[in-house]
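Letters A, B, C and D mark the chains in the order given here, with residues in each chain numbered from 1 onward.
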Amino acid sequence: MSEFEPKIVAFFCNWCTYGAADLAGVSRLEYPPNFRVVRLPCTGRLNPKFILEAFKRGADGVWVSGCHPGDCHYIAGNYYARRKFIVMHYMLDSIGLEADRLRFSWISSAEATKFQHMATDVVEHVRACGPNLKFRKAPLILGMEEVA
Amino acid sequence: MPSLEETTQKIRETAKKALADGKAEVVIGYKKGTYPLSTAPFFARTPEDCDQLIWSNFARINLANYLPGRPGKVAVVAKGCDARSIVGQVAENQFHKDNLYVIGVPCTGMVDNNLIAAKEQRPYRDYSETLDTITLKGADFSTEIKKEEVLRRNCRTCANRTPKTADELVGPEVPGAQADDFADLKELHSKSPEERMEYFKDLIKDCLRCYACRNACPLCYCPVCFVDETRPQWLGKSTDPMDTLTFHLLRGLHCAGRCTSCGACETACPVNIKVREFNRITEETVMDEWGYEAGLSWEQKPPLTVFQPDDEASFIK
Amino acid sequence: MFNPYLPYPVRIAEIRVETEDKNLRTFKFEFLDPDDENKFAYMPGQFAELSVPGQGEIPIGIASSPSEKGHVLFTVNRVGQVSSYMHNMKKDDIMGIRGPLGHPYPLDTLQGKNLLIIAGGFAVTTLRSTIIWLLEPENRPNYGKITFVYGARTPGLLLYKDEWMAWDKRDDIDVFVTIDREVPDWNYRVGFVPAVTKEVCPAPENTAALICGPPIMIKFTQPVLEEAGYTPDSIIMSLENRMKCGLGICGRCNVGPEYVCKDGPVFTLAQLNQLPKEY
Amino acid sequence: MPEYIVEENALKDFLQSISKGRVLLSPQGVGDKCQITETTPDKVTLNFTNTHISPKTLFFPQTEWLMSFQKDHSKPHPYVYQDLGDKAKSAVVFGIRPCDAKGLSVSNKVFQNDRFTDPYWKGKYESVIKVGLACKDPFPQCFCVAMGGSPYGATGLDVLAFPSEKGLGLKPITDEGAKLLAEANLKEADLSSELKSQEEAAIKAQGIPDDYSPIDHRGLLNLFQDPQWQSIAENCLNCGVCTFICPTCHCFDIQDEENSEGGVRMRNWDTCMSWLFTVHGTGHNPRPSKTERVRQRFMHKLKYIPMKQNGDRGCTGCGRCVVLCPVNIDIRSVALRMSTLNMQKQA
């Protein structure tokens, strides 16, 4: 049986981590291809429902990454985001989401190597958690077996 | 402590005075309910109306809920928790402080009817209450229940029973319980992630998705709630456990740093889900992280609307 | 057991963009199972639920006439989730239609009468169906004079241009098409529907008016007709409300005790005067 | 038809007998957990108030999948909805209360109306034999008598069971009920006089009922335009609890859900208290504020349904909304206010 390949939804800030991913690619730094990236104007735009929606639709992990505190393109977006992340993080942890499925990080657009390492790390941690079976919607039973 | 009757009398006098002095066009208070162990919100507009206002151990619903968007000058009867909600609404520009007159009632806690139902299953048609006891009267029995045994969960640990931000208090201050140590969450935190998820999925399994918890909440005033958004539709409307859990999680998160533990959501829930469990988690977070309790003063800023450059978040890599 | 919730599968045979703002498209459907066409026996004024698998359903008036065999037509305005999705569908895509639902215009009881047909904007759909049906050689002799008033804001927002232009050339129907404001190369009328109606409406004796249009048009046309002497039971209107089941069960489209889907959508003004204005 | 008697120690055998080849459904659990569920004869109890939320869930679940489709063009019928079939099981429900049975019979006339039959409801409703349990002692929330019912009412039931001096009395109501009892080998007994006196006592115990008949005589528009709706609605939170727990509320929403392989169409309970319920695609809303929505609920129950169902009301007095409304909007007071003719001159 082939090894489980996790599906990870990544929310990247347009001004930093998204650029870092770009730079990593241009620099031919190899990192795992398990991400579906959603580009945000700022991590301040991240609504908790985005994370829940990703898990609900079957993502095995979610990775949110933005600019280092103090470096926000919009002055303070990520400071507010940080407080939101704190509340979100404890909430999801408290209701029993495995901590390794949800990752927050700060990666600037110059940090291609950090991006590479972080990407590998996220995938390995999510892989260790196994497929997301509990924190997703129940599959639709189409009942086609009998019909066909 | 003044008796319920004395408090009732004082509320009526204060309400009449507020109307007469032009501080308010309407006084929102409680009147006796039509069913045993209940009260109804009541909108008093004349001095005669004011004589229907009462104080009771069943004044559970949070009257701050009627404030957002209401035109004109309003006086409202508020317990400690309700007054805190009002502070939150004013901070969030839902109601202008100048149009508000808060009649604060130092509160010794409200009664959970489910706990009464657990103590007395026989049908009763009448009841009486004092500040400390509830007496149920059936065809051939009369049962006296001590109020402290049937207090709501949130009232048992309430540290802010006196509405200190009120414009006028109708009784002497009452001491609150010890500062909240979140003892109720200790057991939860000792569980494994699997057990925690089981616990929460079991907690909400009876959810009817009626959203009464949202509608009863004085802080849920969004013109279009996320559950009603259709493009995109964030939330499935079926009984899928994940959709239900998402609703409760997001409701909890939206109330982070705002919830005052008034218990209106749990009171409104028709199937008695402990919906406040989600709010408790965020309450604990804002307390641990920023030492914040919602609605204690007019000056404080809700924690998610401000930041410190050095906010600690070691989980962010 | 017949399941009224189950749509008949149809294929999109043709999509026509109707208006210059591209917000209205006419869909021509063919039934995958030819038998379903017989089961879908309808009369002008009825509607159907267009069902896009995975997206939902929308109630839309049937624009084709039962006399047009082999297909059914629906003109859909891009408004919500389902209609927007439909606007991105292609020829030969598979979807479903469920119906016919509601009651048709009472054309059988109107036999022998003159008909004044007033349409505004894209509400003309079921009235197109009506006119096509009325102009059939076997039906036309059963009715008196037919007057058709149709208005839209601009020429580009008028539906079914080829058809009403052809009707205009016939002598068994009087066609008055109008737009709100003068534009170059416009050879028909200019002015609002109520004003045109006032000018051209036939005598109320032995005449019935069928009206379908936006609320604002109905609000101002109704007094014109009443002034001209039309009685409330000779003014026939078609309502719309949000619907889901279309079967008089799910409870959202009711106007007082009447369900628009099951008991309507066609009501006379006399009936509506007895009902609350919850539409 | 004769009545039958089941002695207390024979109750289990009786239940065994009527549930032969059928599923046995009966109220289980106490307090807010009390609900009609599948059970076995030994677990059946007569000692309960009523189910916490109405038993409409039996025939009209909160979420019900109606049909499904698949997207694979190499398989038959891509993108064509197929009926998910009737999941109805032959069953007997023991212990449904008369108010609920009557309420469900009101919904039955909506689901099987003059033009359409809802197959999902019909299948379930008609495959369940309903043995009702009369209410000897009314509960404080009960007002079935005022709503034109009785604690011993038989509407919507196949058999009415009632506590008799000698055990459990059983009165067949429909032919199906008579057949069920005839096959159960029971002792016949003439209980008609006992039944009559019990019913009279139970009705009396509810006190002098309010008279809501003026609602039937008031004009529709006169009631609709009554200015007091504003003050009735003032308290309302629009939470919809009253509609979800009500035995006659039957409104639903139809939703599609899909994934990469296919999708299902389902229906979920909905409530007229929600603004989303009636809003048009254009944004126009025929019931834009809570006043209209509150009015809709009470008018529907107390005026519209009686107009359509020969005077039968859409409220049967089970009292759940009275108990569970968080702001104590009591349908009895509302009905009384609707009955007050002097609010406005009669239409």
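Everything below uses one rule, namely that contacts are C-beta pairs under 8 Å (C-beta built on N, C-alpha and C of every residue); 3 or more make two chains touch, one makes a residue touch a chain.
Keep in mind the model is a prediction, meaning the values are calculated, not measured.
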Any chance you could check whether A-D or C-D wins on number of contacting C-beta pairs? C-D
Rounded to the nearest Å, the gap separating the Cα centres of chain A and chain D is 47
Distance from the CA centroid of chain C to that of chain D, rounded to the nearest Å? 38
Need the CA-centroid distance for the pair chain B / chain D, whole Å please. 32
Centre-of-Cα separation between chain B and chain A, whole angstrom: 36
Identify all positions of chain D at which a residue touches two or more other chains, and write them in rising order. 69, 77, 253, 255, 257-258, 262-263
Do you know which chain A residues sit against two or more other chains? none
The positions of chain C in contact with two or more other chains are 80
Overall pattern in which the protein chains touch one another (line/ring/star/complete/other): other
Chain pairs in touch? A-B, A-D, B-C, B-D, C-D
Chain D-touching residues of chain B, taken from the complex the two chains share: 33-36, 38-43, 60-61, 65, 114, 117-118, 121, 123-125, 208-212, 214-216, 228, 230, 236-240, 264, 267-268, 270-272
Sort out for me which residues of chain C touch chain B in the complex. 80-81
Give every residue of chain A touching chain B within the complex, in rising order. 48-49, 52-53, 55-56, 69-70, 76, 79-80, 82-92, 94-99, 103-106, 118, 121, 134-138
Complex contacts: residues of chain D adjacent to chain C: 66-67, 69, 77-81, 83, 86, 110-111, 113, 115-120, 122-123, 220-221, 224, 250-258, 262-263, 265, 267, 270, 272, 277-282, 286-287, 292, 296, 299-300, 303-305, 307-308
Tell me, which parts of chain D touch chain B in their complex? 30-32, 49, 52-53, 62-63, 137-141, 231, 234-235, 237-241, 243-245, 253, 255, 257, 266, 268-269, 271, 274-276, 322-324, 326-330, 332-333
